[in-house]
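A quick write-up on the structure given underneath.
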Amino acid sequence: MKHVGPSAARFSDKMREECGIFGIHAHSDSAAHTTLGLHALQHRGQEAAGIVTYDGDHYHSHRSLGLVGDHFSSAVVIDRLKGHAAIGHVRYSTSGETLFRNIQPLFAEFAFGGLAIAHNGNLTNAISVRRRLVERGCLFQSTSDTEVIIHLIAISSYATVVDRMIDALRQIDGAYSLIALSNEALIGVRDRFGVRPLVLGRLEGALILASETCALDIIGAEFVRDVEPGEVVVIDSEGLRSMRPFPPAASKFCIFEYVYFARPDSQVEGSNVYDVRKRIGAQLARETGVAADIVVPVPDSGVPAAIGYATESGLPFELGIVRNHYVGRTFIEPSDRIRHLGVKLKHNSNAGTLRGKRVVLVDDSIVRGTTSEKIVNMVRDVGAAEVHMRIASPPTIESCFYGVDTPTRDDLLAARFDVDRMAVHIGVDSLAFLSPDGMYRALGRAGRDPKTPQYCDACFTGDYPIPLTDHKGGDDARQLSLLSDED
Amino acid sequence: MKHVGPSAARFSDKMREECGIFGIHAHSDSAAHTTLGLHALQHRGQEAAGIVTYDGDHYHSHRSLGLVGDHFSSAVVIDRLKGHAAIGHVRYSTSGETLFRNIQPLFAEFAFGGLAIAHNGNLTNAISVRRRLVERGCLFQSTSDTEVIIHLIAISSYATVVDRMIDALRQIDGAYSLIALSNEALIGVRDRFGVRPLVLGRLEGALILASETCALDIIGAEFVRDVEPGEVVVIDSEGLRSMRPFPPAASKFCIFEYVYFARPDSQVEGSNVYDVRKRIGAQLARETGVAADIVVPVPDSGVPAAIGYATESGLPFELGIVRNHYVGRTFIEPSDRIRHLGVKLKHNSNAGTLRGKRVVLVDDSIVRGTTSEKIVNMVRDVGAAEVHMRIASPPTIESCFYGVDTPTRDDLLAARFDVDRMAVHIGVDSLAFLSPDGMYRALGRAGRDPKTPQYCDACFTGDYPIPLTDHKGGDDARQLSLLSDED
Amino acid sequence: MKHVGPSAARFSDKMREECGIFGIHAHSDSAAHTTLGLHALQHRGQEAAGIVTYDGDHYHSHRSLGLVGDHFSSAVVIDRLKGHAAIGHVRYSTSGETLFRNIQPLFAEFAFGGLAIAHNGNLTNAISVRRRLVERGCLFQSTSDTEVIIHLIAISSYATVVDRMIDALRQIDGAYSLIALSNEALIGVRDRFGVRPLVLGRLEGALILASETCALDIIGAEFVRDVEPGEVVVIDSEGLRSMRPFPPAASKFCIFEYVYFARPDSQVEGSNVYDVRKRIGAQLARETGVAADIVVPVPDSGVPAAIGYATESGLPFELGIVRNHYVGRTFIEPSDRIRHLGVKLKHNSNAGTLRGKRVVLVDDSIVRGTTSEKIVNMVRDVGAAEVHMRIASPPTIESCFYGVDTPTRDDLLAARFDVDRMAVHIGVDSLAFLSPDGMYRALGRAGRDPKTPQYCDACFTGDYPIPLTDHKGGDDARQLSLLSDED
Amino acid sequence: MKHVGPSAARFSDKMREECGIFGIHAHSDSAAHTTLGLHALQHRGQEAAGIVTYDGDHYHSHRSLGLVGDHFSSAVVIDRLKGHAAIGHVRYSTSGETLFRNIQPLFAEFAFGGLAIAHNGNLTNAISVRRRLVERGCLFQSTSDTEVIIHLIAISSYATVVDRMIDALRQIDGAYSLIALSNEALIGVRDRFGVRPLVLGRLEGALILASETCALDIIGAEFVRDVEPGEVVVIDSEGLRSMRPFPPAASKFCIFEYVYFARPDSQVEGSNVYDVRKRIGAQLARETGVAADIVVPVPDSGVPAAIGYATESGLPFELGIVRNHYVGRTFIEPSDRIRHLGVKLKHNSNAGTLRGKRVVLVDDSIVRGTTSEKIVNMVRDVGAAEVHMRIASPPTIESCFYGVDTPTRDDLLAARFDVDRMAVHIGVDSLAFLSPDGMYRALGRAGRDPKTPQYCDACFTGDYPIPLTDHKGGDDARQLSLLSDED
């Protein structure tokens, strides 16, 4: 899901998955299970959440800024969300009223009934389609590209919801997984490249759709299979129907889901994420080994790769950096004069472990490099003898346009500097990245197929599998609304 | 403005004006002046308020439940509402999120730019037009009939905003005054019968539109004239243009504005409201005189008529009933066992004034009669010798469908009983109403013209000047949304 | 009740009663009835309220900023306030946490049990007593002088609660009425001069104490009698005991309760407040008659006197100034440039009534004169021919130290100017005040007894009946707390 | 700090440190640095926080429920907390107003000036002392035992703050570290057994007191030394004075600080906590080795010991259980029917890692055993072949009365069952605990000295070094207030 307005990534030094989605059909505790499922997907979006249920007569909706656990778990909320079918959504977001109108699932009423849609991903021709729709007299209420889909459904000349939705999706490009709830069915769709994940599960006869398997685990549901690229699944009282209405395409699953986005306990496209990360770490050790005393992860995301690295290299694995999980959502650095203290809000280096040691510091990726620089400083401050940084992915040199909140290219450290200058910039004795081929090998491939890469790795290679229609228009073209975003 | 959901009038014993509107063009303090104007119009709607401004590039919006003075007066809010043109709206409302999406002004973006609309009144064919639009693929976000106008504008084949708006309004029936703000102009429209008020004012060269003149007074603006029935005024950098694009019709200004809705210090259609009310009271004394000791108003609405009655009758005017203005917006009666105490939250009878007296009690109208009954009880409880109730309007026997929140016909006391039985019901020694002709005489007419009444007095006569298209469909037809209202 | 910090009177142009109190014993709906009683006393204090109940085992407390109707009327609150005895308090206040610790009733636990105290008035030697107590090791938690009483009770060497309370009150000077609730009894006390009001009522066998009779009316209770100056009433399972433990003194009831504080429907010390105000208006007409066309009150406080004036003078009574009751509690004037518009937030002059007229404007008092000046301007702006202001009390030339929030002497217009210069200052054609003797005559006396005035009229005369021990120390002495007030 | 009311430990399966404290003297950013210090100590108390500053004239206070980062980091809050000296406090707590009055630092005003106190620990004779004080006429405002100290200071016959504080502390028993701020000085005290930690630091000449060194790290301050058991340090414009006014005693530092409470990056009594925990894990492996495939920590607290165990045993260290850090503070389990799903809110087992494996599960301690049971179930559910639980401390068989929130003895699993039955209860193939001697060895001792244990290990041994005066009175004696706790 895309929105206009200050990008959260401007302030973070991580790429951020923008959404997690969940849906359940024909279960008496649909709202409660959706709440749990969204909680398990919270790592994919922590700023806002929404659930829509359908009870056979009415749709019920609850949306809120903040964490699922803080805003959706009370009996009052759950009881109001009546019905045997539900879909939900977690997302990142900006602030203020603008945001509120963008919280998903979006709901619309058509001549044929209601439809709620929750969407993970990004449409790459949304702006041009939107312009065409506005000219036709369609009124947009949000700046979300999901609303483009809804209008295309509203004006489709097909008769059924499913046909209208397929008609709509055929007109758009992009990377997306989506879950929709109509009067008759729960519907799941993955784009034809399968960039974003979507899995199918089962609990006591009820079928479930979710971004990751960890959302099945939390409710005790069984993992059935991945929804396939280009597949439409329709779940109704008759059971599940599968359709493949889009032109076939080579699978392009987002490789960064393995690097950082997905939860380590999820099974993604056939692989356990934690295992992949350990294999990446081992591969990294083989490619970039260095004489050192200890292997220290940048917590929490660097931990599995660091374990793999330590095991492969035979060096001790040590928690030399401690993370404070109580940072909260609103920590404002207290004053200009002490702004430089900010980095320690989240991490502290453990002098007892690091002093005098040659340290291999393992992190999953470098985006802006601001955090890396501060952490290296902290490690040096407590007396580390050498600091060798090892990154469990190739250099991030391009922005993502497929549903991930990334800085613009100019803010990516690896787009500005070569590896040697990056090493100087962040202050390490040595710096090394995993090779693209190494990455593919950790995923069980012989290497990257340069002609038809087996994954979407555009952020490492600039090789974008889906056309970036809107992007060509430049940034000005992205001003979607006359209504001020700050209000 | 109409909405689906629990009608506030279900719980009140007054008819309630549903909206007040205000707009200002080409003034550097547009938002602050709109805040003040809405504050002066607060009696027309106390539950929610909204302002939209336009700064030449962006529209800025702030909407809130509650009083204008509590939510729009901070510098933070005013500063965010940038621009030299603004429109605003106050309204009654229900509760919850449903409500929030209905707070006006509504804002929409078209191919040609933005448009904000604030609307006072009710469209009488909104549901049938809405159905036609939904079938065409229009997506509705609110249950407000104002949104019907917006969609009609969006799909109009005319080129300019003004032409599209006129095209849209030609397709709807109803009683309305509306103010719109586009990229180019501030626009004011009154329906061709002129049922709801709209006045034009001027302040330091800036032109202003408002429901009542009291909104001009508060900002020190000069009253220019009433916008006329069926008139469209377009205010832009060229000044003011006036158009009359609708079929001409006999003026049907709402007579109840004089009885209760308008503020006593407003000039409405050429008359000062306080003066009219005193003349009504005098006429009432002439028509319904009775031997008594004192004239006591039911505060606050009965006060001007009671002054007129007292002067005409030569009886002393006494504040025998005291009103508590601190009731607040959320008083919940504390427990079932003491529910009967509720009436005294708002009024108390003054024993010192009433004991042993023959009292003429003057009120503006009787709707359900519940308050009248309680007040008469209070007056008797402190020892009044006789209670004669005199009502400064004819019996209210029909619902309003032109923008006023009234109970259904079955809940109107005068629709259920004749005057004698009403007197028994509320427990008075005598009860009398103003005659329809007396009402027209107080307004300076020779009497009511039965063939073409000079005002809309449908609530007293059942004589509805504008067709009630939607109403014929019955109540079922009014379920506009699949989205549950309670959420 | 006195507190340190920004005085609300600094911002208002009215003297303000600081508190209203209520207590009920042996009633199954004690909390609900206390809520209603406080609501009826809301005019005595609108910023904060509190209730403490006792259920035989525990005390229960609820305190809140804001109106009683907004914060005490929910079933949740009432149900938590368990017990058959309750006391409550409404007050003015400042803002922030400082304030919160000052909301009454104060509650304390002693070796012998609990005690809650609600207090209306002001102790005039509180600071010197407090200093002595702090030196002894007493810890103060608030800046309220009520806490002085509580500490004196705690360290008293007497055995019973009542004896300890009498022991405590013998050590303090001041004007106060107080209601206390202990494990055994509901206790009411009026200072020996009887400056502040306190009445006794009865409902279904339960005895009630309240500041004014309007709090009895709202719950349907019967007025029994005023608690007398210097009387202590103890209400427990045995019934009511009356004691007179203090040295006798001549009664000095606050004459300003008649002028402005009390509600017009209350019976105060044997007189109906509305009647007194009308008699004051009539006396004012006799003393200060002037050739004019209409009599116009400054609403709402000037209305009864204006009725009396109009009747006595034979001039028509007209509502030439309309009051907007929706001002809300937080109206912030929107910007510096339009600050001058602020006065119209609350009042508007009715041109239709005033134009070309010689107007007698009647108000209850002049404090700073700022409001008078603005209202006179408004009346002139709409074209009044002459404006004659008549004030229904003598000039206010001194501050009150007995529980009323007044500006310092230097801010009182009548302390700075003689009547002629006041007239010029506020811009009227003539200005006249009621004479002190006229005031006493309206109260049924032959005139003011200069040797032993029958009322406390210190604000008009500077004749303070109770010693101002603390006041002699100057303002510095009033800094009670090292804890910053703004926090 | 102790309080009456529902113990948080009733709902948790962890022992919980109840407080963290911080103070800084003579620094221009005292409030901002205290905010950061408290943030670093957030693991010691997450429910409420408070800061008091002194600016030479006034004390300023801000207290709030919730996380430091959410409520103390705004510029508005920091700017209001003026002054060059500050103390702060984080704590666990219950809910409602009761709680609010218990948030520390407590502030009191004495004849000699103000004093703020922040306290970590528990007084074991607070109730008996409190009773004596109440009989003397002292009024208590909170149920915190810290207030006992304040009253003892208030009534002390000594002249200076420091002498009065020492006089007060001589009258109480208990385990405590406290930081106080007076008009003249920042004061730190540790009880004579040194049960709770307190360290001294320095930043740019300013001296700092804090519960742990991680609070020094976050502001870039240097660790000077531990405050010693029984030491009073007085920090004023003259620098630091050290006193030892209490009878000497053998040091009894809380051994559980090493096991669980302290942050791994803190230096506590000369040892790095992370190192100690790894040594504990290694010792555990030596004492309780078992044939297995992988070592899996229960995150996050079991991680360091599991690393030690894995290294010592040569088994691979694997993150087989993933923790969800987004649980939030208010997750309510959605409905009774799915309550059993609750455990997965926080943890999920990673099937990919565990399936078919013989797993050594390492946790820091077992309190109630409820979490252990659920985690073992989860591990078995995904197909682990064997589950061997190893606990990095001896069995917890007794409650703590020295400032840690523990369940009552009857709820401690190890107090109800022997190790074999515990193993059956939680469903493991084998269960083993660290021996007391092994614990002491990991701390660098030859073993536990049974006559004079070098630490307080009462929770493992029942050997309480400080008399439990209040505890003897039974639970009834602990009802401290007549004011209901729920309000």
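First chain written, first letter: the chains are A, B, C and D, and each begins at residue 1.
Everything below uses one rule, namely that a contact is a pair of C-beta atoms (placed from the backbone, for glycine too) under 8 Å apart; a residue touches a chain by one contact, two chains touch by 3 or more.
On a predicted model such as this, the values are computed, not experimentally measured, just so you know.
Note: the chain lying farthest from chain D is B, by mean C-alpha position.
One inter-chain figure worth recording: chain B and chain D are separated by 62 Å, centre to centre, where each centre is the mean of the chain's CA atoms. Note: centroid distance chain A to chain B, computed from Cα atoms, is 50 Å. Put simply, the C-alpha centre of chain B and that of chain C have 37 angstrom between them.
Taken residue by residue, chain A touches two or more other chains at no position, since every residue touches fewer.
The touch graph of the protein chains shown is a ring with every node of degree two.
Interchain contacts (touch definition given at top) occur between A-B, A-D, B-C, C-D. Contact residues of chain D toward chain A in the complex are 29, 31-33, 35-36, 39-40, 42-43, 46, 67-70, 73-75, 78, 214, 217-220, 263-265, 267, 272, 274-275, 300, 303-304, 307, 311, 316-319, 322, 324-335, 337-338, 341, 344-345, 348-353. The residues of chain A lying in touch with chain B in their complex are 57-63, 80, 82, 97, 107-111, 113-114, 131, 134-141, 150-151, 154-156, 481-484, 486-487.
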